[in-house]
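In what follows, structures are represented as structure tokens.
Two complexes come next, and they have one chain in common, chain A, joined by chain B in the first and chain C in the second.
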Partner chain A sequence: MPVERTKFYQVGSFAVGNRLLPPEQRAVQASPDRGNSLTCGHRACRGCGEALGARWAVDAAISATAGRMVVVNATGCLEVFSTPYPESSWQVSWIHSLFGNAPAVATGVAAALRAKGRTEVRVVGQGGDGGTVDIGFACLSGMFERDDDVLYICYDNQAYMNTGVQRSGATPPAARTATTPLPGQAFGQGKNVPLIAMAHEIPYVATATVADLRDLEYKVRRAMEFRGARYLHVLVPCPLGWVTAACDTIRVARLATESGLFPVFEAERGEVTGVTKIRRRVPVDDYLRLQGRYAHLFGDPPKTDVIARIQAGADRNVRRFGLVD
Partner chain B sequence: MDDKPFAITLGVGTSRANKTGAWRTERPVYLDRLPPCNQACPAGENVQRWLSLAEEPSYEAAWRQIMEDNPFPAIMGRVCYRPCETACNRGKLDQAVGVNSVERFLGDEAIKHGWTVPVTAEPSGKRVLVVGAGPAGLSAAYHLTRLGHQVTVADSGSRPGGMMRFGIPRYRLPRDILDAEIGRIADMGVTFRLGRAVTDLAEAMRGFDAAFLAVGAHLGKRAYIPAGDCARILDAVSVLRDLEETSAPALGRHVVVYGGGNTAMDAARTAKRLGASDAVVVYRRTRDRMPAHDSEVSEAGEEGVRIKWLSTIAHAVGGTITIEKMRLDETGFPQPTGEFEELAADSVVLALGQEADLSLLGGLPGVEVDDGVVKVGPNMMTGCPGVFAGGDMVPDQRTVTVAVGHGKKAARHIDAWLRGATGRPAPKHPVADFDLLNTWYYSDAPATVRPRLEMARRITTFDEVEGGLDERTALFEARRCLSCGNCFECDNCYGVCPDNAVVKLGPGLRYEIDLDFCKGCGLCVAECPAGAIEMVPEIS
Partner chain C sequence: MLRQMEGSQAVAEAVALCRPEVICAYPISPQTHIVEALSRLVTGGRLKPCEYVNVESEFAALSACIGASAAGARTYTATASQGLLYMTEALYNASGLGLPVVMTVANRAIGAPINIWNDHSDSMSQRDSGWIQLYAESNQEAVDLHVQAFALAEELSLPVMVCMDGFVLTHAFERVDLPSQEQVDAFLPPYEPRQVLDPDDPVSIGAMVGPEAFTEVRYLGHLRQLAALERIPHLAARFERGFGRACGGLVRGYRTEDADTIVLALGSVLGTLKDVADELRQDGMRIGVAGLTTFRPFPLHAVRKVLGRARRVVVLERAFSLGAGGIVAAEVRSALAGNGADVFTVVAGLGGRAVTKASLRLLLTGGPGEPLTFLDLNQDLVAGELRRAGRARRSGPPAENLLRDLAGGV
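Right, the complex of A and B next:
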């Protein structure tokens, strides 16, 4: 991964900031002047991964564009918890239309700016996995196919959490949701939108998680260096739907990457150009056990065959993306 | 009706009107914990604090922080047995931080640049007699001087330093280093009265308001060994002292050292350097029961010192000794086996422990002696009011660092006593255990190894064996510190709060929780690398 790892052995560059580093080498989130695009008072659950991921990503975009940007938001948790009329937590130009049309609205905003000759103002579309993977998918694919000048960010919490944890096309196998009662989501269903985006051969596709701020900020900054359609897929654990402790949001995201279940990579024009290697590999058990949505796998007796299938998926990711040296 | 647009009934506003702090059942609270290195330091150094200053890098400030507690950083960096490194949490991650190496670097920097410690306290008008110019006495003299008292140090030795000079060989502690650090204390206005033993304390204390006794333990313990007339039997303490004060003692080509402590190792390594072709340590138990420190045993082994485990000396005749093999019984005590072996020995050096010469206490009322050492209270005071004691003559571990710690502690209590107050130590913070850390945020970095003198020079000269770190490696080493239990401003809490409810107060000022908006999710606590935040239940 081309993220520069400064050799600071006290905290490494894995921490947000470091008193020993010059300010320009710290994360955007370390700055007292960060955008705080999503400010206090929003109604996200305690420990919400999406609120965290969205502030990190949009702040990084604000930093990369000097604040000259417009955010287009799909319906979903992010919109509902941040903007119950007449209040809003957004401190950035922000527009919301419908659940399924955020990529199309973003395309329209970009087109309007182009028509007005304001191409220095950049457009970021964003939504949850429901609005991206399922409901807004046709608009998203169209936006990619036309190579519209939009960075679209999907905050993936792997189900429709806002309406009561119904399954989405991003729900992983064996996860229990309100609409996939035991034994949970079937294997072999759903879609991998980062790979679908790559198949459009758009300029830039990347994945990230809330477990690695430096990497996420790098990818937003990198995405803003391109013109045309770009896609960033951020894994954001949901304490409500995943049935995890509020304080474990970052930990569980870290375990998703360290187990190999969520590969972190970037691709340009359909080809993988960088992969974040696994640093401390763990079995998928470590990741699954923290989450109530997988509790049915660890009963008496445990469903070792199902766990083995999930492990096989992780192993496949490790092979496919070269996650381990 | 107001002037809102058609179909709009509410004015827009920020979500900051929504005080989500009301959701909270627990709140994060910043705290400082006691790092294991600080807890382990017998001299009470704030190791983590001075490492953090060294990281900046502010070497002089770091050195001054050490000097708050210990006047001998350069000596410590050579002779301390490093309890801090044994306790270091980083040892569970990769390898312990080389605290001692950094301390030595800072101590050497101070000598190189001539840094000194000013005495800023108002003169108290009180006079304190310190008996013994070893690490305990000198440490007490240093701290008492800084507290404004007038100090006289008396010692029977011709030069100050005690066991640091007359017990620790110069290949471990070069004398220019020793002289530089003691000279700094003398320059602060401490009076030295050397070459004259204090034999009657009551007499010597005339004109002084208090006394601190730290005469050390300089008498080698003897063991009865049936020996012929021409057997040469010496004791290790005298050998090491003679080497320093007069001339190299003649030990011969085959030297046997009897004992298993650090002094035995020093005697054997010294014998090697004095030309012995063969230096053998005879010890009656096994390695795991040996009191000598690992580093001393391994360095002795590297230099060719052999060790006869489970052996006692049965008798010595002429140039030969007979040793008897032992075995450990169920209680771990060595028992004779009746198997014997002969060893060539031009001399036998006894290193069986040392005792304190307590004759100066004669007639002093209230002083209690138990098992050869002086009893002191928690304030280091003996049974005689105004007479305090420390170092090897009181019951504790006998190391330089422990002695330095005694000196500091005693100085603080003497100060309190002289001012008619009682010293009350500050309450200790809870210890920062490894489990409290989130080690994900620390990158992997193994310890820096200090250069060692090449073997040929080690066994023929008294040159210093271990080298120091240079600035680059010392800085690298300091920055390996995990800052266990104390905020080092990594901004993690500020960055990971989904509710934007951590306020960054600026460099050196740390952070504050905005309780109007903190929902109490605990992410800041979970992701704090140092374990410097805890969750506390809200009181309803």
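Right, the complex of A and C next:
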């Protein structure tokens, strides 16, 4: 008879409760001394995955660097909802320059710190998927290729949300956006920037989601153990753009990984070193059904052929990354 | 120390004497020799501490400069032409944020048609970007203006472009008096930023600003530009005391005191113009030359003063605004508003066409002329293309047509 080890997981979330852990293992967010990089008062939508992801990621970076860090932010929802006075809510040294240049600005900050002999101060760049995989892509690739000492975090909500949900190079097939009206984003397009980052053979590349915030914290901490260019790609559901309930942000993110559509892994110098296994595999329907941007797939009759193509993509991820034991 | 050297090498040496801490650049003719020389100075250890960052575009070059400058480093870049346009978004950003980046523009035409030779279309196109623009007449002035540019930029927290004519200056070997490190150190104090990315004192740089304060932020930038009109002459005077030679300032007159006709221009063409003025003076013409060193901010009062009682003002421009006319002339007209002088725009030397003494003599001794003329324009060539375009809808690419006509000897 197989023995099931006791697991202290909250129902459905697989996240272990902090109270059951020794203090040193608790989340950064559980600590009263956490960085509080992004304080309350910002104007993100209710249930915004990006606000959640950014707070956990930047706080984890603050904790890993003892606060010796600078943040460079691309234009996008994160910048817009977090800076207009009196809603400005950054408690770290923070700069926003343009939509497409955050990786290069981060390069410049790192160069200045090196010239000044202050390499103990670390640099984190961050932006949305549009700022990262599209308009900022040349700057990102340049930063990678030079192995500049920057951790760049992409908060991927799979479209240009700040300007009203237009398609980006990270918009998945069949998703409806303001510029991919029905039948939605075409198949066979888009780019996988974590894999492209790995092709640069930079020290560290990882993906994460806001469904597993401890894993997000771990990956930021791990990234900060390296010098050189590092890339973290975080899936952050957007209730407005995905047309999901605000209370479903975590759930949708979890289903993205449990369906195999969003593989969670880490890689060093171009080789995968760790994969988060799927615990309870679900069909892509479970993920798609919650989102209004896929509503056209579930009419009468449902578009089973389209859903099957999306499922095939998930199956491929499962094979490719070994997501299921 | 007097040396015979290429303009680009001299500028690289001058920049190095200013001790920049971060240099980011992307190659484009005719800027390349400057940044190549600087990369050697950094790699060879002569310029340190300094980081030389090879980036993947001019947009990244200026963006990295923005980051470096915001992190408190003295920062330098150089570009030209297409590269300057590729930076445009970041140009406005650097000035809007108040970051004192210094940049050399090795002035070059903008395509299409692609053309690597000298004119001022590139920097003139960025006249509203909030950067101070200084134009060098000679390689000595290019060297000296760079030293002044860092001081000016950092004092005012504004970025400064030092514009020098591509090839004509950048690739010319001339005698140059390079200042000593002691002289430059005495002139240029270490950079003290007004705002800096410092974990010990966190600030948000580049926050979003709505209608409630945007005008005021912009206006403050304008005030700093206007302050430059005061600071530039002071700096030039201090430079002259420290280095023993005059350089910089707003606008300089040459034999203008009693002149009826004054030609105003920017950059290296001033040398030719002064020669022509000397010759015409011998023929009895009361002519002078005004050299505009500072184009942004535009020194309205200084220009009005130097053009004084001239009845005829000819603005010789190395760029123009298509569909409108002279760019500098428009400013000169507003400087002279109500004074009764006739202002003529002469567009000359586009895309590297030589501005010859013979053509200038002809121009200046001829009749009053049209308000806007193009020096040495090949009217036959233009007429041929206009005829062709009138004859057939699919008349083909004009640039290629003209070249074919020229080869055929039109």
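Throughout what follows, the second predicted complex is superposed on the first by the 304 of 325 C-alpha atoms of A that agree within 3 Å, B and C clash if a C-alpha of one lies under 4 Å from a C-alpha of the other, contacts with A are read in each partner's own complex, and residues count from 1 in each chain.
The criterion applied here is as follows: a contact is a pair of C-beta atoms (placed from the backbone, for glycine too) under 8 Å apart; a residue touches a chain by one contact, two chains touch by 3 or more.
Please read all numbers here as calculations on a predicted model, not as lab measurements.
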(request) Once the structures are superposed on A, label A:141 by its partner contacts, choosing first (chain B), second (chain C), both or neither. (result) second
(request) Would you check which partner chain A:39 touches, where first means chain B only, second means chain C only, and both and neither mean what they say? (result) first
(message) Quick one: is A:26 in contact with chain B, with chain C, with both, or with neither? Answer first, second, both or neither.
(response) first
(message) Going by the contact rule set out at the top, does A:238 touch chain B (first), chain C (second), both, or neither?
(response) neither
(message) On the A-aligned overlay, A:52 touches which partner chain: chain B = first, chain C = second, or both, or neither?
(response) first
(message) So in the superposed three-chain picture, is A:261 touching just chain B, just chain C, both, or none of them (first/second/both/neither)?
(response) neither
(message) Going by the contact rule set out at the top, does A:88 touch chain B (first), chain C (second), both, or neither?
(response) both
(message) Contact-wise, after the overlay, does A:306 reach chain B, chain C, both or neither (first, second, both, neither)?
(response) neither
(request) Mind working out whether A:288 is in touch with chain B, chain C, both or neither, as first, second, both or neither? (result) neither
(request) Please write out, lowest number first, the residues of chain A touched by both chain B and chain C across the two complexes. (result) 85, 88
(message) Considering only the defined contacts, which chain A positions touch chain B in the complex?
(response) 5, 7-20, 26-27, 29-30, 32, 36, 38-44, 46-49, 51-52, 55-56, 82, 85-89, 213, 239, 245-251, 254, 280
(message) Under the definition above, what is the set of chain B residues touching chain A in their complex?
(response) 10-20, 23, 55-56, 440-443, 445, 476, 479-483, 488-492, 494-501, 504, 506-507, 514, 516-517, 519-523, 525-527, 529, 535
(message) Could you list, by residue number, the parts of chain A that touch chain C in their complex?
(response) 67-70, 72-73, 79-80, 83-85, 88, 90-98, 100-101, 104-117, 121, 138-139, 141-142, 145-146, 148
(request) Could you pull out which chain C residues touch chain A in their complex? (result) 21-22, 24, 49-51, 53-57, 59-61, 63-73, 75, 89-90, 93, 97, 197-199, 201-210
